[in-house]
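Going by the order they are written in, the chains are A, B and C; count residues from 1 in each one.
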Amino acid sequence: MKELLQIKDLYVNFRTLWGIAKVLNGVNLTIHKGEVFGLVGETGCGKSVTALSILRLLPSNAEVSGKILFKGENLLEKSEEEMRKIRGKEISIIFQDPMTSLNPLFKIKDQMIDVIMLHEGLEKERAIEHAKKLLKAVGLPADRVLNSYPHELSGGMRQRVMIAMALSSNPSLLIADEPTTALDVTIQKQILELILDLKNQYNFSVLLITHDLGVVAEVCDRVGVMYAGNIVEIAETEELFENPLHPYTRGLLSVVPDPRQKKPLKPLRGSVPSLINPPSGCRFHPRCDHMRDICKKAKPELIEYSPGHFVACYLYGGDLDD
Amino acid sequence: MIRVEHLKKYFPVTQGFLRKKVLWLKAVDDVSFEIQDGETFGLVGESGSGKSTTGRTILRLYEPTGGKVYFNNIEITALSKEELKRIRPKMQIIYQDPYSSLNPRLTIFDIIAEPLREYGHENIEDRVLELLEAVGLSEEHAKKYPDELSGGQCQRVAIARALALDPEFLVLDEPTSALDVSVQAQVLNLLDSLQKEMGLTYLFISHDLGVVRYLADKVGVMYLGNLVEMGTLDQVFDNPMHPYTRMLLSSIPIPDPKARSLKKGVVIGEIPSPLNPPKGCKFHPRCPFYKPGVCDAKEPEMIEVERGHLVKCHFAGEL
Amino acid sequence: MRKEEMLKILFRNKLSILGLSIIIALVLIAILAPILAPYPEQALGEPNLKERLQPPSWKHPFGTDHLGRDVLSRVIYGTRTSLVIGFSVVALALLIGVPLGLIAGYFGGKMDLAVMRITDIFLAFPPLLLALLIATTLGRGMVNAILALAISWWPWYTRLARGMAISVKERPYVEAAKAMGIADWKIMLRHILPNSISPVIVQATMDMGSAILEAAALSFLGLGVQPPTPDWGLMVSEGKDYFLNYWWYPVFPGLAIFITVIAFNLLGDAVREVIDPRLRRRFL
């Protein structure tokens, strides 16, 4: 498989009133062509910041370093002008709440056509044709939806409109940031199925950001687990669920309630640390049952423990004392 | 402990300058069920199903439009305001958003002490510390304000406050939906152990069937203000009879890639507006077994298909 | 919120510091007026006809007025009048307006309807016109001017407090209090009031400036503070006839009004930044 996107040693700091928040602490990951890559983690782990860094949409109080290679070119070195061409055309993003990206005062038609005309350079008539085709592809009644205002549509329909707009210029990467978190489960099922169908049809890659391990298990090819600004484990989905290596991944998997059977939940100790004053070394060490001295001293690197299965933990080597 | 009979809660929908009533929103429409002492009844459903309204109406935080609610054989729905106040300590509620359920301007101590003061308890300080300990917090948290605590800690405070007056019955309205999974597990375990220690009875409202499977003994499934299926945990989860329950169960993402559901397209359509629900069986436009002339003509009765397993479907037990 | 954070936010903005410093300076000037003013007896009205309408000099840095009184001394003493008027008007309006707004918002229904219709009537008049009307009815003088302004002012706070109460009463912690059987008045006092008051405080801070300005306008029209009390509005009014030849007479008190109003507005902005929770959580 070929790499589409490679993130190398990505660090992001936010200057805040209370000090510098070290939100990303050297993130490394690769997304291949045509795959669905899931980025999973709890609130504040940095998964959304990773997505926004790719599109260079971070707020002005952020300091970014590292490399984000998209089709071999470093996005962090692009000019704002060049980025504008990449956003929406090469890389599209959909968010949890479609209402934040749709203007409530304009009909869907006006908003979609603006985007299509801008990116594709089509004239109005052709743009409307294109919009109709896209809306049909996401399973919406095109004519009715085009003439609706955002509030006249249900949450599921709005998310479909967002997907249609994201696909308007045939991107090679779709970033979906918690796309179904605000939706009911039956609607979530429809939207996830739709994203997979469209992926196979249009052949783009998906970076799916979610907190829901159920969603990951249902749709992702590979998964990266994030904790407090670090990727702690990357593996193919089945491998990760069957053979989790990192203590955090194991903990996470043991607290997900399973609707098929009642099982005891073994919660992790403590809670997510502050990123302004994060724990030294491995940021998970205060909550870890396998903590050793080295864990407090230096951050473990992400190593390939078995083919395709990466983990950042001294339990699996990298310990200088061994 | 709790008996709900034909409970109805309609909200008027007004329109225009003169606030003319144009419609009734039937949030809860003829719902009946019982909760036994020490049991957890899980109420599941999607948005607009009326599950939260049911919980609030049982506590008379909303005045019911019709029907009766009994608590230990006292008809709550017939009590005067003063009588209701006397019984309030026995029935409490926990909310979804831990931050907005605590007054941001009060310290944790004052939040937990408020109900104790209202009912003239003595030794308030000792009691607050005892409650904090019971929910896994300590004295140092007492002086803090809600925004200095994490979401999970705030939810523990809300639980401590609800327990302050020694309740017998708790409505848990999506108590873990706003929390991360690892914290959710801590709070679920806490609720579970408190129930065992104090003999509490729970009405557990949730859209997350995994969580319901973990905590509930019996389950009711709601759709557009109706209870469409009810039974023990195993009856409803392992042998769902209502087509909606089946659709719901097959939509839940299962945290196991090997169980990846092969069946696609099991979900038909979207939930209609509760303002203008379909005639007959409210689920018929989305039902794969829809029979014209039957399902869209008459509202089905709740039928007991096996002991304790009730289904509101014309073809219950036949599908 | 912790106090250090409040101060941190307050001191982040240079304009806030400026506003706050000016207000502190004004309060100090008002308190220390007898010490600061070079001619306290003139400030209180004693004529000094030998030195009528002198231009600014070392002896009289702001010049003298038509009765030969030291303008600097009168401006310094005027600070007292202005601050007392500004504070009293706003405090009185808050005292009437906020409780009514909270009751209307919390209980709703007929109570709400009645209160809001009354505020509508008051708000239908231009505030200065209403104050003029009241001042004319009650008679001239500082106390009546304060009453008149407060009466034309409270409906704004009622509206603001009502809107906040309506949104706060929907919060789960209020419902939780009801579920615990807490009495309505305690819910209002403990839960609704503290969580509704922030925007009212912001508005009230800014309004201090406007109240001083409107009181000055009443004085200017002869309906407010009466001579010989030292008052900026009155000084501008008296000085306007001399403006062309003796500019210092109306200009210095005018400048004092201008600076005070701006300082209160800056402070209002600063207070908003400190107490608005949305601004607080902005970085997280």
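Going forward, contacts are C-beta pairs under 8 Å (C-beta built on N, C-alpha and C of every residue); 3 or more make two chains touch, one makes a residue touch a chain.
Bear in mind that the values here come from a model prediction, so they are computed numbers and not experimental data.
Contacts between chains leave no pair untouched here, as each chain touches all the others.
Chains A-B form the pair joined by the most contacting C-beta pairs. For this pair, subunit A with subunit B, the centres built from the Cα atoms lie 32 Å apart.
A straight line joining the Cα centres of subunit A and subunit C is 52 Å long. Per-chain CA centroids place subunit B at a distance of 50 Å from subunit C. Shared contact sites, meaning residues of subunit B that touch two or more other chains, are absent. On the subunit A side of its complex with subunit C, the touching residues are 14, 16-18, 21, 61. Interface residues of subunit C, counted against subunit B in their complex, comprise 1-2, 171-173, 175-183, 186, 190-191, 194-195, 277.
The part of subunit C that touches subunit A in the complex is made up of residues 5, 8-9, 12, 283-284. Residues of subunit A that touch subunit B in their complex: 42-43, 154, 156-157, 184-190, 192-193, 211-218, 237-238, 241-242, 251-253, 255-263, 265-268, 271-272.
Residues of subunit B that touch subunit A in their complex: 46-47, 150, 152-153, 180-186, 188-189, 207-214, 233, 237, 247-261, 264-267, 270-271.
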